[in-house]
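Following are the structures in question.
Look at the two complexes coming up: subunit A is in both, with subunit B in one and subunit C in the other.
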Partner chain A sequence: MTIGYLLMAIAFVLIGSLIGSALSMLPGLHVYNVIGFFLLFYFTASFVLDPMFMVLMLIGMLVSYAFVFTIPSIYFSAPDDSTMFVLMPSLRYLKEGRGHEAVVLIATGALTGLFAIVLFVPLFMGPLSIVWDIVSTHLHWIIGAVIAYMLLSEFPKDFGRHKNPLHGLKEGWKTIMAGYLTFFLSSILGLITFNKTIVPANHAFQSLMAPLIGLFATSSIILNLISKYEIPEQNIPKSIDSTPQEILHGAVAGSSGGLFAAFLPAVTAGVGGYMASHAFAQKGDKSFLVSMGASRVVYYVGAIALFFLPVLHLRRGALAMGINLFFTPESVQQFYLVDMGIAIAGIFAFFVVIYASKFLAKRIYKINPKALNLIVLGIVVALVYFMTSWQGLIIMSVATAIGLIPVLFNSRRSHCLAVILVPIWLNMSGIALGGFFGLW
Partner chain B sequence: MKCPSCGREIPDDSEICPYCTASIKHRVKIRTIYVIAISLVILVASYGVLAYYGGEVPITKIKDLGLTDNYNFIRLHGKVDGYPWVYENDYQVTSFRFKLNDGTGSVTIKVYGDVIKRMVEEHKIPAMGDTVDIKGTYMYSSNSLILNNIDYIEIEKPEHKGVKIDDIFNAAPWEYKNGDKVFVNGNITSVREFSFGFICTIDEKFDVLIPRAYYSLHILNISEMGSAYLQFYGALEFYQPVAPSDTYKVVNLPDLLSNTENYNGSYVRITWAKVTDRNILNNTITVYSNGSYIPVYVRNGVKYYAPGDYVEIQGRFINYKGNWEISVSHTNDFVTEPRWELIEDPTYKVLDKKEYVPNGPMKEFSLVEIKGTIVDYRIFSYSVSLTIWANNQSYMVYVENKAMVKNMDYGNSVVIKGIVTLYNGQPEIKVRPFTNDVVEVEV
Partner chain C sequence: MKGFAHFLAGLTTATFVVVIANMYYGNNIIANEIVVHKALIIILGGIFGILPDTIDFRFAKYLQKHDYEVDMDEWNLNPQLVATTLAKAIDQANEENREVNVMLHTIKISSDQWRQYSVQFDTKNKKVICEIGPIISGFEKRPYITSYLPPEKAHAEASFKADLEYNYDAVTHVDILSGPDFSFFPEGNNKVRADFIPWHRRWGHSVTMGIMFAPIGFMLFGFTPLGWTAFWIIMLGYWSHILTDHFGLMGSNMFPPFTTKRVPGFKVTRSMSTLANVYTNYLDILLITFNVNALNYALSGKDYLSMQWLSYFGENISYVEWYLIGIMNYIVYYIIPPILASYLIVAWIRKRKGVKELSEKEARTAEQLEELGGANV
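On to the complex of A and B.
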């Protein structure tokens, strides 16, 4: 390797980070949707570009997405499957004029997650491979256990005084039943999407985009449209309301959850972080926001680091799968190069998040929230139409309806994740329900 | 004062903001977080340096390979087990393969396309007994490793030890080890083709196996090898014509004969014995091993076992009419002649190049060219025996592959090119396939 090669590598990481940061500002657009197009472009231009540079550019895009998607999630209320958990606390922060502080907390968490990856993954090379060897044959029941945990961890909430005990019982169970209905309908939607989507074949690689946007983004935007709220003037603080202990607590919990999600198929950063927050007995929004930031970065970026980790080469996440189409990690040198790229993109993306948040925080209160939500909805619908054609819009509408159930009945939105969890769990367990529904 | 979080006016002595509940005292400065973010540059620099100076992929033990290694890029270190083989399509080699054993298990190494081409060009060709350090993509279902780039293989060839054919010919199994690298000098006096390669007999005594892989890739040129006195480089392998069965107990002959009652009726194997006598009438040979003799009855006949031959015996120890003997009569019983053979490396040295001498002297291992008339011929399953008249004398010609002879008839003129060997003490011209030897019959 020459100095020139190293400089070119850094340049491609920065190009990727720049593209990733710009695209991540768009609500509803997932980096994996864009990476698909970049891969198609690369397959036609592979003879001019060193595959390692392409890999580093894609990694730059992924890392910046993991950081920068916080912005549309918080300011435009358009989360994805892993930022949906931060929606409620961050909206609270936004309504208190502390939107930027929420962003800084999440970005700090993301930074700690990045440290966890670049610092600890190389150190735990051997143990991680042993853990994977043990876990890999038990994935189906572990995912089953995650599903069971998600369903069983919801219990009847106390709704205060009731007309009579029967009314109390009904109110308590209404939430749970709405949650289970969400879970059931999301599972069916997932099974259809995975087995026989109506999205045209030339867009089929984006088939998950429409249900995920419908379940998480559009349902949140519609909720914002129907509810009355004002975004007050946002304060740009010089310090954040948190202690180093709280940050560390959130970082450890989030990184553990993210690693759990990075290891297991179908389990996303949100679920991983959420389970870890239970496991680490987290209290309060501050630590939770930090842990969600960490979990998201460890989930997305950790998956790609584990792919390049010598001895392990774990293929988890769409980027690792996509890269694997044209590239096989071959040396420790490449692993170091990837770690270097992750760190560079991380620094870049961290400051992009901070400055983009400052920029938006100073202006967001001037915009009518309804107008903002309508614009975001327009962007999201246009993206879904562009990526998945009109059939995608139909799926998105169905998914939005399902996504609204937890919103309207005050149950957990995490049940919507059944759209991914159930089909993959059934697939890994060897249960062919697709045929049962006549989808083959 | 203003709340540092929400920016609203709050009383000066507040510890918590009454509006947003943010703590006023216990806070972390955003600048500190910036410093932490910038400190990542140290890690960037460290990884940059590590990437610049590189690092080696750790070696994986074959026994540790599993489903999770499927499609992974791994590094193995071991010895080439056996000889390489190839798959061909329309006479073009499509795949070159060999087994690698690291002492914990074995994996098939597969090489395709341009990598084979570069392998031959750079002469990075693995051979039996070589130590190999290899990196490639592991395929779990076929337990194989695909070599993607010829730069990812390092071959360490052990030094070859010179031996004489007479030292190896009839050497006992314990005198050498499988995979011992040796070189021998000699002439190819016979070539037999098999699916796995060519077995060439050297100086009518010792077999050298030329793997088809080396022949098909034009690494070993049998026609050039057939016209020279050569130095053959390779690895020794003890060839047992029939695989022994575990149900037969390996015994020492003196031990067997001193515990006759214990062994009576049991199935035994004697790994190494010398034939001392042969009785064709009652299908019996007498063998000698470790200072003791024993008769061996062979139901299928003993015409192939001459006194002086070394044999391996698997049979039943019985008492026949008051005499103890080994009876070779069941399906799994056998008498075979195991021997050391050389698995040729992809290299040889020409010590003396030979030419076909027209009407040359019938000196053993010399190449001659004789033009004469066919006076007699006999066709066997694979070969042809000819008697030709030339230079006022008759010549015995043995053509190893009958496909080499066309239009054979009494009185036809024929040109023979071959090597002179001795058959029952008499010189004959042997015509070997795949060499420059020919039989041209003029009609």
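On to the complex of A and C.
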């Protein structure tokens, strides 16, 4: 490998990071939604472009998305499936004028997650490969266990005031039943989405976009529109006033959760992150926000690292699958090149997040939150229409209605992830429910 | 323990049961069901491992009846009411020779703000002390500095006559979500025992309930090898919860209806301690991996972990011997060293920083309050 090649590689990582950072500022847009278009572009230009450069550019886009999507999640309250958990504490931070603090905590977590990937994944090549060999024939019950835990681990959030035991049970079970209803409806939506191509065939690779945006982003935006709140002037502190223990605790928990999610099919960063927060007995918002940042980066970026990891080559996530269409990782050298690309893109994206957050924090309070949310809703609806046509808008509307259930009844939004978990789990367990819903 | 640790402990138990059942029934009947026919039987371990807390926090909590409920709001803050009610309940339990229950409700101000107050049982001077605290912000519990009441309005005391037995530290804070409740039990000779959140770790956390749930295995799979395996998974998975909780201080009521009191725990750790949870989870994940490898080995003859000690014994060893030697090697090489090393590092850091170990009473209180927060919330 020549110096020139290395410099070109770095340049493509930075180009990808720039594009990824810009796109990630758009609320509702997932990097996976645009990767398809870049692949189409590459297939026509492949005779002039080294495939490794294209890989590095796509990795730059993914890494910057993993970092920069924190901005729309917090300032515009438009989360995706992996940032939905940070919405509650971060919205509280935003309402207290501490939005920038929340962003810095998540970005710090993301940076620790990046270090975990760059430094530790190469060290654990052998053990990861052994673990995969052992568990790969047991995924049906492992993912089933994740689902069972999601369903059983939510406890009532009532305030203990009830006239009699029956009334108490009714009050306490309101949130739980709302959660189960969300889970059930999301599962059906997932079964339909996975088994029937409702969006136009040429947009079939975007079929998950509309349900995910509906479940997580538009439902949050609608809640913001109907609730009364104002965004106060934001404080930009010199320090995040967090102890090293809080950061370390969050980083270790988040990285473990992200790795768990990157390793297993169907499990996403949100689920991995919240399971890890339970596994590490996490307490406090700061540690939680750090862990969510770490979990998200390890989930998205770790998946690509696992794909390039010699002896493993695990295909997880749309980017790994997309890259695999034109590229097969072969050497340790490629892995280290990817590792370097991840590190550069991550550090670049970290500074983009910090400066973008400072820029927004100084101005966001001047904007009417209702107007802001309406603009964000307009962008999201336009994106869904552009990517998936009117059929996608219908799916998004249904998904929004489902996504509003946990928001209105104060149950866990993670139940919405049944949209991905249940169809994949049923498929792995050999349980065919699609016919039951008249999908075949 | 946190719900996740219980869930994993249940899954671990299930993998042990499955490996043993596979050895017992022979011909890889159970391994085939799980790997080839995709049976989900192992999940039962996790489900019944977390079930005791689910029963307590989703059902038992609501079946608890209260003789008194103290329900203040921000405009009627009355610390005297809290102190007097608790003192009255203590004496009433003693005089009427019956259990008296008191519920202390939280004071909610907005969706994310609560008024904190605390109660303290001064057993020596026979006084209940109530202190109204600041308004706090949600789960972070940050106090709003300007929200403190003047001392004369914030403080109240009430005396009781009975001798109170209270095994927890002095102050109990009442702040977010639902408040704590106390049960006062007459113990004779002017003595009253106080129990914190009395509905927790009672019948739901018992050996008896594990036995009662176990036949569900037969309901799911009939009296087949899989049915018997499910029977043991459910029972032992349920008991794994009680056992792991027992490493804390609070303990559980093991054999209701034959027993009515919680048996104190082994006092090894606080059940919500981060380290205890992390070590338990680490141990569980490694044991699950070993057992899953053992199932694969039984089916395909492939041993991905290839433990060193096994090579000393050659290839002519039985599956049971392979399993026992392998797991001992695994524990010695992979489980004990990381736990020991990290424990020593943490102990060294704590010593260097001068972190004070909690007294038993303080640890007991901390555990109780953490339990009140929900084993999993």
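Going forward, the second predicted complex is superposed on the first by the 436 of 440 C-alpha atoms of A that agree within 3 Å, B and C clash if a C-alpha of one lies under 4 Å from a C-alpha of the other, contacts with A are read in each partner's own complex, and residues count from 1 in each chain.
Keep this in mind: a residue touches a chain if its C-beta (ideal position, glycine included) is under 8 Å from a C-beta of that chain, and two chains touch if they have at least 3 such contacts.
Computed from a prediction, not measured in an experiment: that's the story for all the values here.
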Q) In the superposed arrangement, does A:Phe194 touch subunit B (first), subunit C (second), both or neither? A) neither
Q. Comparing subunit C with subunit B, which touches more residues belonging to subunit A?
A. B
Q) With the two structures laid over each other on chain A, which partner does A:Phe280 touch: subunit B (first), subunit C (second), both, or neither? A) second
(Q) Taking the superposition on A as described, I'd like to know which of subunit B and subunit C A:Phe327 touches: first, second, both or neither. (A) neither
(Q) Per the contact definition in the header, classify A:Asp133: touching subunit B only (first), subunit C only (second), both, or neither. (A) both
Q: Applying the touch criterion given at the start, work out whether A:Ser153 contacts subunit B, subunit C, both or neither, answering first, second, both or neither.
A: second
Q) So, A:Tyr65: does it touch subunit B (first), subunit C (second), both, or neither? A) neither
Q.
For A:Leu119 in the superposed arrangement: first (subunit B), second (subunit C), both or neither?
A. first
**Q.** Shared subunit A surface residues [contacts with subunit B and with subunit C]
**A.** 96, 133, 137
Q. Given the complex with subunit A, which residues does subunit B contribute to the contact?
A. 3-8, 19-20, 22-23, 26-31, 33, 36-38, 40-41, 43-44, 47-48, 50-52, 54-58, 60, 66-69, 71-74, 135, 137, 148, 152
**Q.** subunit C partner contacts - residues on subunit A that touch it in the complex
**A.** 89, 92, 96, 130-131, 133-135, 137-138, 140-141, 144-145, 148-149, 152-162, 165, 168-169, 172-173, 176, 249, 275, 278-282, 284-285, 428-430
Q: Please name which positions on subunit C make contact with subunit A in the complex.
A: 2-5, 7-8, 11, 34-35, 38-43, 46-47, 50-51, 53-54, 57-59, 61-63, 65, 69, 71, 103, 105-106, 108, 112, 137-140, 177-179, 272-274, 277-278, 281, 289, 292-293, 295-296, 302, 304-305, 374-377
Q) Which of the residues in subunit A end up touching subunit B in this complex? A) 1, 3, 6, 9, 96-98, 101, 104, 107-108, 111, 114-115, 118-119, 129, 132-133, 136-137, 233, 235, 237-244, 247, 310-315, 324, 328-334, 336-337, 339-340, 343-344, 346-347, 350-351, 354
